[in-house]
Amino acid sequence: MSYTTNEIMTVAAARRLPDGAVCFVGIGLPSTAANLARLTHAPDVTLIYESGPIGARPDVLPLSIGDGELAETADTVVPTPEIFRYWLQGGRVDVGFLGTAQIDRFANLNTTVIGPYDKPKVRLPGAGGAPEIASNAREVLIIVKQTARSFVAKLDFVTSAGHLDGGDARARLKLPGKGPVAVITDLCIMEPDPVSRELTVVSLHEGITREQVTAATGWPVRFADSLGTTPAPTDHELQVLRALQQRTALAHGTAGGGGGD
Amino acid sequence: MTEFVTLREAVAGLIHDGDCVAMEGFTHLIPSAAGHEVIRQGRKDLYLVRMTPDLIYDQLIGSGCVSRLRFSWGGNPGVGSLHRLRDAVERGWPGPLALEEHGHADMANAYVAGAANLPFSVLRGYQGSDLPRYNTNIRFIRCPFTDEELAVSPAIRPDVTVIHAQKADRRGNVLLWGILGVQKEAAMAAKRVIVTVEEIVDSLDAPPNACILPRVVVNAVCLQPGGAFPSYAHGYYARDNRYYIAWDEIARDRETFKAWMQKHVHNTADFNEFRRVLAETAGAAA
Amino acid sequence: MTEFVTLREAVAGLIHDGDCVAMEGFTHLIPSAAGHEVIRQGRKDLYLVRMTPDLIYDQLIGSGCVSRLRFSWGGNPGVGSLHRLRDAVERGWPGPLALEEHGHADMANAYVAGAANLPFSVLRGYQGSDLPRYNTNIRFIRCPFTDEELAVSPAIRPDVTVIHAQKADRRGNVLLWGILGVQKEAAMAAKRVIVTVEEIVDSLDAPPNACILPRVVVNAVCLQPGGAFPSYAHGYYARDNRYYIAWDEIARDRETFKAWMQKHVHNTADFNEFRRVLAETAGAAA
Amino acid sequence: MSYTTNEIMTVAAARRLPDGAVCFVGIGLPSTAANLARLTHAPDVTLIYESGPIGARPDVLPLSIGDGELAETADTVVPTPEIFRYWLQGGRVDVGFLGTAQIDRFANLNTTVIGPYDKPKVRLPGAGGAPEIASNAREVLIIVKQTARSFVAKLDFVTSAGHLDGGDARARLKLPGKGPVAVITDLCIMEPDPVSRELTVVSLHEGITREQVTAATGWPVRFADSLGTTPAPTDHELQVLRALQQRTALAHGTAGGGGGD
């Protein structure tokens, strides 16, 4: 089956979520990917949304982080402070699944402002739960469309810590989790270099060239020596994803998984 | 002890210019009717607090009611930006808006600390983030037992918290269920509490350990069916997503926004009339 | 992820000599069966934690399983003293017992801090009390914003928390209702969690926002109907007050206590057999 | 109707609880008095028990602080941490109703040890919620049987602060509540002197002499100039109290309201 770049991005991201993991899910692309994982190889994943649902199994994708569908299908719904205190800070989250507006070469994230903080060119929505997801989750997956405007040499504002200025910077700051382990885009998959922690392209999606990735990255992006090709989505993955999006469109009159929190 | 009053009376009696006000709701049970009433009554210089300011805060900001905002994520959930919030921050219209920006974890903790009458909250957070550079209210302390460094933040103690809930009983106890967000903590943290409800019943018939605000913490209960529109009230009605999408267009332009507010809020007597006018507009557009 | 095992297997696999163990319950859902199994398996040098140590802790202390106790109120609820606890503190029998004494407010806060993975808890407390003189783990800090003095205490992070609950589903989610005490916080604060339950069901059919421990925090679920005897399980059985009164007599004397423990606990294979032997004794006495 | 000294103690204590108040109730005598108040002049009192019930209306007296009867009749049942954090520390408790093992002339309370802490003659149950009830409740009522062993010149251990060493000691320590406002015993009612804060007998129960009170007090107890006589329990008060205790005895096979927590 043929597929879009959005579809392979979602499928590739979903595949990174291990079965049995406790996953703190951001709204939008992360929610689509996490639910695709749950409906394919990871039926035993526990999806947590910051509004309170634990173990959500939505049949259609939520429009917002606090949809009734999440509450109705969850194992339990707790107050928001418990999600952040007992679950995220409590060290019970295996995978934090985040989107972002801007990202730099060390996978630090900006969702606060474009331009100076006090006189911003664009005021973005803000931190939400991302800073503490980025620091406390055992590992972090980032899913974001790749453009030179979003993959920047220098962030206007560091909202959430990735690997900071690289190397063992996280360990020196005593951040509990190991930080971003993969960035999945519509063009490729990047992983931090084991030593420098600089994001390195490890896999290109089928039909995507190095030049396209370089053009869509605001720094001189590195490619792994053993650069692979992202395995194409299987028919099953595509069928499940499309069915999910179709159910969502029918329910909401929209594809769901849009922007916002 | 709870008084049963109209929303107009509750806002007139309990919310004053300059107050610190939290109208909480985490995409569920947003107190939209109460927000409109604050705009109608022309409150000024409010210090608003909310984890997720959305449409109703956009309307309050655009209407010039707000001078200061403590928050952690401001957007149109599932749609995009809040254009009135952006206009205030990016261009100071209709007036300057001071931001006190935190993360969700911090805000949730700060409500809990406020409810517990503590002056500050403690969390593992902000390591590596630029937020503490721009918000001097985010500080760091050391654990007196382990010497670990932890972030601290001032507790949230609103003058008034406003929430929407599904039910109140005739004694003034309030029941909410589904996605709870931080509403209970925001209410317990406040000096005064206003609750709008879908219905008032003889008995809550609540299951064991349900989320109930006992009447002694509730100052005013206002019957306002549909009061969370366009958000949803679990068990009563679903989110009206068309309104969220439409708001993106309305709020983009100052004049469009002002005209809409005039027609739908200032020229209507209450939320019920607002709903009628809105339905007519939608009917005419169809 | 949850394993479904016998109580014998759970205690053997998850509770070790020297562990910090919280068997919580606030007069409701006391994990008595689990306490007996710990005694049967002869655990030593335990560091027990509980807000309200009662009969089962008296039995553990008298049986020589415990070297240290963190608590805030130790008694036979509604009856009087715990004679084995007193004997250990007043006369060091069967061995010395180190006490770490706090107030209820502090203990509850310290469980919350443990559940939240914070190293300490903060409260307004102990002003004018002698407790901080005798417990160097109660300290005072100043608020970084208001300079107020506040008490702090180390978070409780048990190696193992044991609770009794009404129901588990076959996936391992646990539901409890009624008086909740600090059980949820104690479980969330622990490295390992054992839950004994009245029944295992296909579906919890829990109401919205019920108190549920999700399976990912539960290591072992043990089916043990009546496992909270002689305390009560809301919806299942009432407190057996005669047992509480009888315990006062049994525990007063070391030899009576030892003989009772030998016959009822050491010589029985499990809690079901204990209940049978106890019923026979009661029948013979009648 | 004739009555016992226990009955007038309970009735006199109940009368001090204002209707509409939020009352944090200790088990035993305080629970009996608070429920008598609720069933007579204070139907709108909100009774809070530390195990979690708020607005409990037990038909029979609880045996323990966590009886199912409390949960079933309450407006809501919250986790114990909420009781102490959001309600007591939150400043929402008007009246704390306490018992004690020992009390001194400034209404400080000992429920910890008789004798030295490290080598006690009698190990008592401990603090429970009392230290923070004593400091945080707007006012405190104490109900306790009066003997020279319990009313002592010097406490072996100060578990919970009354008026400390008297005068404005509470204000100097910045204790939020105003502390004990009355001690109700089976012999008399004492109130702190407005200036010195020393407990002063303001009312003798009918038939009780000054000499009896002096003999049952371990310090030279003061009597108010305008010493009154405690109004006798009304027939209605006695009927309600006895019916409550009879229902309790039938339900539990005991009078309830016994010792312990």
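Per-chain residue numbering starts at 1, and chain names A, B, C and D are given in the order in which the chains are listed.
Basically, contacts are C-beta pairs under 8 Å (C-beta built on N, C-alpha and C of every residue); 3 or more make two chains touch, one makes a residue touch a chain.
Small disclaimer: the values here were computed from a predicted structure and weren't measured.
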Those chains which touch chain B and also touch chain A: C
Pair sharing more residue contacts (C-beta pairs) when C-D is set against B-D: C-D
Euclidean distance of C-alpha centroids - chain C vs chain D, Å: 28
Rounded Å distance between chain A and chain D, as computed from the means of their C-alpha atoms: 57
Between chain B and chain C, centroid-to-centroid distance (C-alpha), Å: 40
For chain B, residues that touch 2 or more chains besides their own: 112, 117-118, 123-124, 148, 178, 180, 208-211, 234
Shared-contact residues (touching 2 or more other chains) in chain D: 71, 77-78, 85, 89
Chain contact graph, described as a line, ring, star, complete graph or other shape: other
Pairs of chains found to touch, sorted by chain label: A-B, A-C, B-C, B-D, C-D
Touching residues (chain side chain C, partner chain D) in the complex: 26-28, 51-52, 71-82, 85-86, 89-90, 101-106, 108-109, 111-112, 123-131, 134, 148-149, 178-182, 184-185, 211, 232, 234, 238-239, 241-242
Contact footprint of chain B on chain C as seen in their complex: 117-120, 122-124, 137, 139, 141, 143-146, 148, 150, 152, 154, 177-178, 180, 207-211, 234
Chain C partner contacts - residues on chain D that touch it in the complex: 27, 50-53, 63-68, 70-71, 77-81, 83-85, 88-89, 108, 112, 117-123, 125-132, 135-136, 157-161, 164, 169-170, 173-176, 252-254, 256, 258-261
Touching residues on chain A, where the partner in the complex is chain C: 20, 22, 44, 46, 54-55, 71, 75-78, 85-86, 89-92
Residue numbers on chain C that touch chain A, as the complex places them: 1, 112, 115-118, 173, 188, 206, 208-210, 212, 214-217
